Amino acid sequence: MQRIGVFVCHCGSNIAATVDVKAVAEAAKHESGVVFSADYQYMCSESGQDLIKDMIKEHKLTGIVVCSCSPRMHENTFCKAAAAGGLNPYMVEIANIREQCSWIHKDMPSATAKAIVLVRSAIAKVTLNAPLTAGTSPVTKRALVIGGGIAGIQTALDIADAGFEVDIVEKEPTIGGKMAQIDKTFPTLDCAACILTPKMVEAAQNDKIRIFSYSEVSAVKGFVGNFTVTIKRKARYVKEDLCTGCGLCTEKCPQKKVPNEFNLGLDNRRAIYIPFAQAIPKIATIDPDYCTMLKSGKCGVCSKVCSAGAIDYQAKDEFIDVNYGAIVAATGFNPIKVDKYDEFAYAQSPDVVTSLEYERLMNAAGPTGGTLLRPSDRTHPHTIVFVQCVGSRESEDSTKCGKSYCSKICCMYTAKHAMLTREKYPDTDVYVFYIDVRTPGKSFDEFYRRAVEQYGVHYIKGMVGKVTPEGGKLKVQASDLIAGKQLHIDADMVVLAAAIEPDKTARPLATLLTASMDTNDFFTEAHPKLRPVESPTAGVFLSGACQGPKDIPETVAQAGAAASKVIGLLAKDHLVCNPCVANANEMLCSGCSQCEKVCPYGAITYSYKEFRMPDRTTKLRLVASVNAAVCQGCGACTVTCPSGAMDLKGFSNKQIMAEVDAICK
Amino acid sequence: MQKVMIERAAELLSSGKVNRVLGWRAGLFAHDNTPSVFTDAADLQANFVYNEFCGANLSKYLVKESDKEGTVAVFLKPCDTYSFNQLIAEHKIKRDNVYAIGVQCNGMKDVNDREKLEERCASCKSRKHVAYDELIGESGEILDSNRFDMVEKLENMTSEERFEFWRGELSRCVRCNACRNVCPACTCEKCIFDNPDSGSANKAPADPFEENLFHIIRAFHVAGRCTDCGECSRVCPENIPLHLLNRKFIKDINELYGEYQAGETVNERGPLVNYTQGDAEPSVVYERGNS
Amino acid sequence: MQMNDNTFRPKIVAFCCNWCSYAGADLAGTNRLNYPADVKIIRVPCSCRVNPTFVLRAFGRGADGVIICGCHPGDCHYTSGNYYARRRMTLLFSMLDYLGIERERTRVEWVSAAEGAKFAQTMNSFVETVTKLGKNKRLEDLRCKK
Amino acid sequence: MSENNICREDILRISGVDTRKCMRCGKCSATCPAYDEMEYHPHQFVNMVENGDIEALVESPSLFKCLSCFACIDRCPRQVEPAKLVEAVRSACIRRQGHNHLSADAIPAILDPDIPQQALVSAFRKYSE
Amino acid sequence: MIYSYFPGCTLKNKAIDLDIYARRSAELLGITLEELPEWQCCGGVYPLAKDKIATKLSSVRALAASRDAGHDLVTLCSACHNVLKQVNNDMRTDEYIRSRANNYMAPDAEYNGEINVIHYLELLRDTVGFENIKKKVVKPFTGRKIGAYYGCLLLRPGKVMQMDDPENPKILEDFIRAIGGEPVIYAQRNECCGGYATVEDKAYAASRAGKVVDNAAACGADMLITACPLCLYNLNKSNAENKLPVVYFTELLAEALGLKEENDV
């Protein structure tokens, strides 16, 4: 039998002016289980709290009800007081007789009557409360960053800076990501390599950071603080510890006709290759799709020229398991394929390129050595047309492969391309066809205006409707909405600002992490405004464009924010769990798996358990179990469960029904 | 049909492919065939029956039978296969232990009026077997059924008329629990109505009012999972049209959240464990129909 | 129990989610926005914690109206709880209406922590509606033949 | 029947087009092969219908310049389908008594011995009711 | 393999070549085309207005007749194909049009989009297979640079026609390869030829067609193929000095298969 104590607060006159607190205390006395009831001026005051502590001891109370302000205000205060008095802090219930009673009612009899009902309801609930202990789980002090672009590198550096171990898993042979392919960065026009490569080197040299390049995450188990991740280290057929990165093999390899993905296929590389000069790690990789030795067993040139003896044609994929406390997704983006938009003749003419290809054509380390030459005949283009919003901002029912969102970065990089082109080649005519120019961001609009006013880039409001390659020119047919004309421009190059989309690896990764995604395959944040770098799945954080289109400054800012969240988590030795979590009664669970489907956190798992039957046989049954460290206590599963096997601690079916009964009595 | 089924069942038993056969056993009268397990050919020859009084949905019996050792063969009518799939989805049937034989069904006769089809068969939703290992007879198509006509008729009544209708029907309930016991969606380890800790237990209710809630709670519990097999109404000794409760949920789900047929496939996410951001608001209930 | 219509006061149970609507109710109090004392609030972590059996239980024990308040769709603290609640309650209310129970006795409203005024308005209008309907007798009478 | 009674709602109903989906990119007019022949261009059709400025469209010879090549329909990023608006206005126009754009009497004068039947059938469908 | 066949008005006189060569080739390729009895003109253009029902009925009748014959319906003329396929799509997806159209028709002939409308080219690609055609070619067009002219009706609206990528189609190019020729890809291949505007305004149509021919010529084509009599007419008209011969694709098919006879044209 419970021994309940009831404390009714006057809150000065805040409560006592409208609610007859003495009458409430008196009424509470007559409720079953109540052994002590009193009113007091200010329950939250030191002496009020002392009263609680003393009465718990004096009356051997097993539960208390405080009738006061909102639990959102002082629940914590009273729980602490109860704990100080030797009571389990979860044996406390609050009857909100201020915000939800005295402050809204003017008439004392009805306010008092309502307060009495609220107290009764709280007593009914606390009678069914059970002492709860917040569990703890240890934290593995190592973080995993998935993706080695600028987002992943920055996150890893910041975490390592705080003194924690961090691993980067990158699917390509080198870290660097998209930023490594970029020539200059807006709005400052400093060289991307000059600011990225030092960070890459810093990451490689930091003894807290391990880089698993040419690797992928293949399995994730566990929960916040305690993940076990299986990393697949793809066979690169070159021993990482022996290769010196001298590059001799990449010059001698006879297989010369491999499209160079780093230059987006604008030139070729060998079957054994180092993606670019500043690659980290600077280790050669053999492309098994093109290597004749791996395909037919004939060749072996690279092995012969390698003085370090690093070539290993027998290499196999390796799988390693590593424990982590936190995981950061930094999987980045890609431009969409534009082959559905062949009104722009991308498939018909090599002189129609995407913006990222144009970036490589401008880059000193690119296929043309930084001289802008059009791909078809390697001549200098004199008229260049930029087309904005290719595949962005399309309606949901679009028949192409378009995206409904704005890709955000295109307006700015196109202004950059236009400006750089005019600066290097003032004899070039540059046209930009836009729907809207969107340049929010520090110094962004000024940058765009400079392109127009200082560099004389022709910005035309309208869209390109058709590109017809003919006689060495690209005949561009477009509308100029402000002039009310259809324009016909004979261009030498057309540059398409292709929409960006999340990397294809993000969706399967989200499944492994039980992290949620939106319909566009961007990771969803825990709260769009207040928790933008956390996934709703505890322990999983988001960095960079995998959460939504972002430019470099934003990406770096978010990378740092994600890192600080990770640091906050890893700094703890133990995680205290919310004890008000769901709990499956295995005897009642019939294994239907409905609850698992509604859990937003992936906290529910199913496994076969052995049960002893009344006839002493044993039976294997599928039953649910809740991981208390992952469950956030929403209760969605409890309603889904047809058997009533799933219940929520602190808000159990019986407790809520008792409240209902007390209110309706 | 019956002859082919007996032969096939005997063959499966003798070849050792299955250990037991779940079918219908002839009753005392022509119309009271009951579900039964057969283990030898002689019993099959003598007592196995398949005629227009084999309404019982055998899929529920597989919950126990598939849990035993060995393989059980089962005969499933088209509508039974939906329950079968749904039970597999809920991990209630061990699929590997079952050899499912789809059997053609032309509709079952009403035991109360043996000249006409049962209501659920007259408004049959599908002649298609959605799961089976082999077929005897033909598998048909999903039908354009008029099964929601009565629900619609009720919806078009005034609130008072509806209340009178249901009061007339539900007043006859004797709480025998037959509807629950036969329902393939009611396969909990322990039913909440039998569990004193659930807060909903009311086997011997103190308050007649609580019994009114029984059918509402039960209908809600099976909402989104009910395949509309119609067994609840078939077994009701008071002939309460309980399927009209389930069909109301199904109709609402179809109209509000898109066509959904429980048990059509094994892997689908049911409408109550799913959502879209643009779902109708609950106020849609006030906005439609009359009152 | 015979009640004179003039003195009839309805019993209203309001389930409020902890993160938005309960805070909205607190704000109504802080701003001293009046609504009838007939409304009694039960705090739940999320609107998805409200089991239809709780609603039925309330009616069973004499409530005349039940209202469920949660975060606005898209703002759920637990990301998706109110979406599930929305489907469940829509179907439950539709079923009650189908059985001839006055549909106006049930309601779902989305009230954010900033919407104290909306909370008070909602409760005022709900109490008014339910008061007009009078005592909830139909559900109780469902099993009694005339 | 008055001639001034074609309203925005008629056009929206006949065409089934939601003009509010337009984001004013002008791609329809950029891609239109009939642009130079037209007084009002596809994007203006969308905008003018949206604004209820129907009469100017009904009076415009542009109606009979659209080739129904569906380029604007396929290339519109927002699936607005401007050609359906042109067709709706054209239909509304020729449905009025005496407003057929092409009459059978006019045919012999413009007939060319090689012209495929298909062209005549199509022109009649487009220009007359 | 049996299909119903809808030739359409023009194929019965002005475009008789398009028809004859298609039938002859189909026979050799093992396809039986059964001409629908009593077919009526498709109407030439698809009525875009949502409230136009009567002008869709002739197509619905053809579709229903094909359904009653138990075969999918093959068409050849781009215009007929476009109209029939779009109407068929309406009958499948648009409840308003379906119920109106069926109300007009005899009650026993209710049609709900049961059959598929297939273009002759789709038949060659998906049923016969271009690889198989290649094997049967006896007179390949080796070394001939052929430009495929799609026009608008064959591919658009892409959502309904579902024949090929409307901006980057391959079906005619693959056909050209199958008969041994070298396809020439040029951007104007899917732009309008001027269409029915030629009835009223010859110069307007000619300016459109001229752009197509010029672009094809500039890209190195020495002949053009098409599936549409009106395209053929417009391209020929604008092409006075006849720098590029324009022929029906079926004529080349028949010739490659050795089915074209001296006295044919």
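Read from first to last, the chains carry the letters A, B, C, D and E; within each, the first residue is number 1.
By definition in this document, a contact is a pair of C-beta atoms (placed from the backbone, for glycine too) under 8 Å apart; a residue touches a chain by one contact, two chains touch by 3 or more.
As the structure is a prediction and not an experimental result, all values here were calculated from the model.
Engineer: Which chains sit in contact with both members of the pair subunit B and subunit E?
Structural biologist: The shared contacts of subunit B and subunit E, listed by label, come to A.
Engineer: Within the chain touch network, how many edges lie on the shortest path between subunit B and subunit D?
Structural biologist: Minimum step count, subunit B to subunit D: 2.
Engineer: Which is the least count of steps on a path of touching chains running from subunit A to subunit B?
Structural biologist: 1
Engineer: Taking the mean of all protein CA atoms as the centre, name the chain whose own CA mean is closest to it.
Structural biologist: Going by the distance between chain centres and the overall C-alpha centre, it is A.
Engineer: Could you find the chain whose CA centre sits the greatest distance from that of subunit E?
Structural biologist: Between subunit E and every other chain, the largest centroid distance is to C.
Engineer: Which chain pair is joined by more contacting C-beta pairs, A-C or A-D?
Structural biologist: A-C
Engineer: Where the centres are mean C-alpha positions, what is the separation of subunit A from subunit E, in Å?
Structural biologist: Each chain's C-alpha centroid was found; their separation is 50 Å.
Engineer: Indicate the whole-number Å distance between the mean C-alpha point of subunit D and the mean C-alpha point of subunit E.
Structural biologist: 24
Engineer: Nearest whole angstrom, what separates the Cα centre of subunit C from the Cα centre of subunit D?
Structural biologist: The answer is 54 Å.
Engineer: Could you put a whole-Å number on the gap between the CA centroids of subunit B and subunit C?
Structural biologist: Chain centres of subunit B and subunit C, defined by C-alpha means, are spaced 34 Å apart.
Engineer: Among the residues of subunit C, which are close enough to touch at least two other chains?
Structural biologist: In subunit C, the residues touching two or more other chains are 52-53, 57, 80, 84, 88.
Engineer: Spell out, as numbers or ranges, the residues of subunit B touching 2 or more other chains.
Structural biologist: 199-200, 272-274
Engineer: By residue number and range, which residues of subunit D touch two or more other chains?
Structural biologist: Residue numbers touching two or more other chains: 71, 74.
Engineer: Write out all the pairs of touching chains, ordered by chain label.
Structural biologist: Result of the pairwise touch check is A-B, A-C, A-D, A-E, B-C, D-E.
Engineer: Mind listing the subunit D positions that touch subunit E in their complex?
Structural biologist: Touching subunit E from subunit D are residues 13-16, 33-34, 37, 64-65, 67-71, 73-74, 83-84, 87-88, 91, 102, 110, 112, 114-127.
Engineer: Note which residues of subunit A are touching subunit B in the complex, please.
Structural biologist: Per the stated touch rule, the residues are 587-594, 597-598, 606, 619, 621-622, 640, 642-645, 653-654, 657.
Engineer: Would you tell me which residues of subunit D are touching subunit A in their complex?
Structural biologist: Residues 21, 23-32, 35-36, 41, 43, 71, 74-75, 77-79.
Engineer: Given the complex with subunit C, which residues does subunit A contribute to the contact?
Structural biologist: The contact residues of subunit A facing subunit C are 70-72, 96, 98-101, 103-107, 110-111, 113-114, 117-118, 121, 516, 524, 526-527, 536, 580, 598, 600, 632-636, 638-640, 648, 651, 653, 656-657, 659-661, 663-665.
Engineer: Spell out the part of subunit B that touches subunit A in their complex, as residue ranges.
Structural biologist: 67, 90-92, 185, 187-192, 195, 197-200, 221-222, 225, 269-270, 272-274
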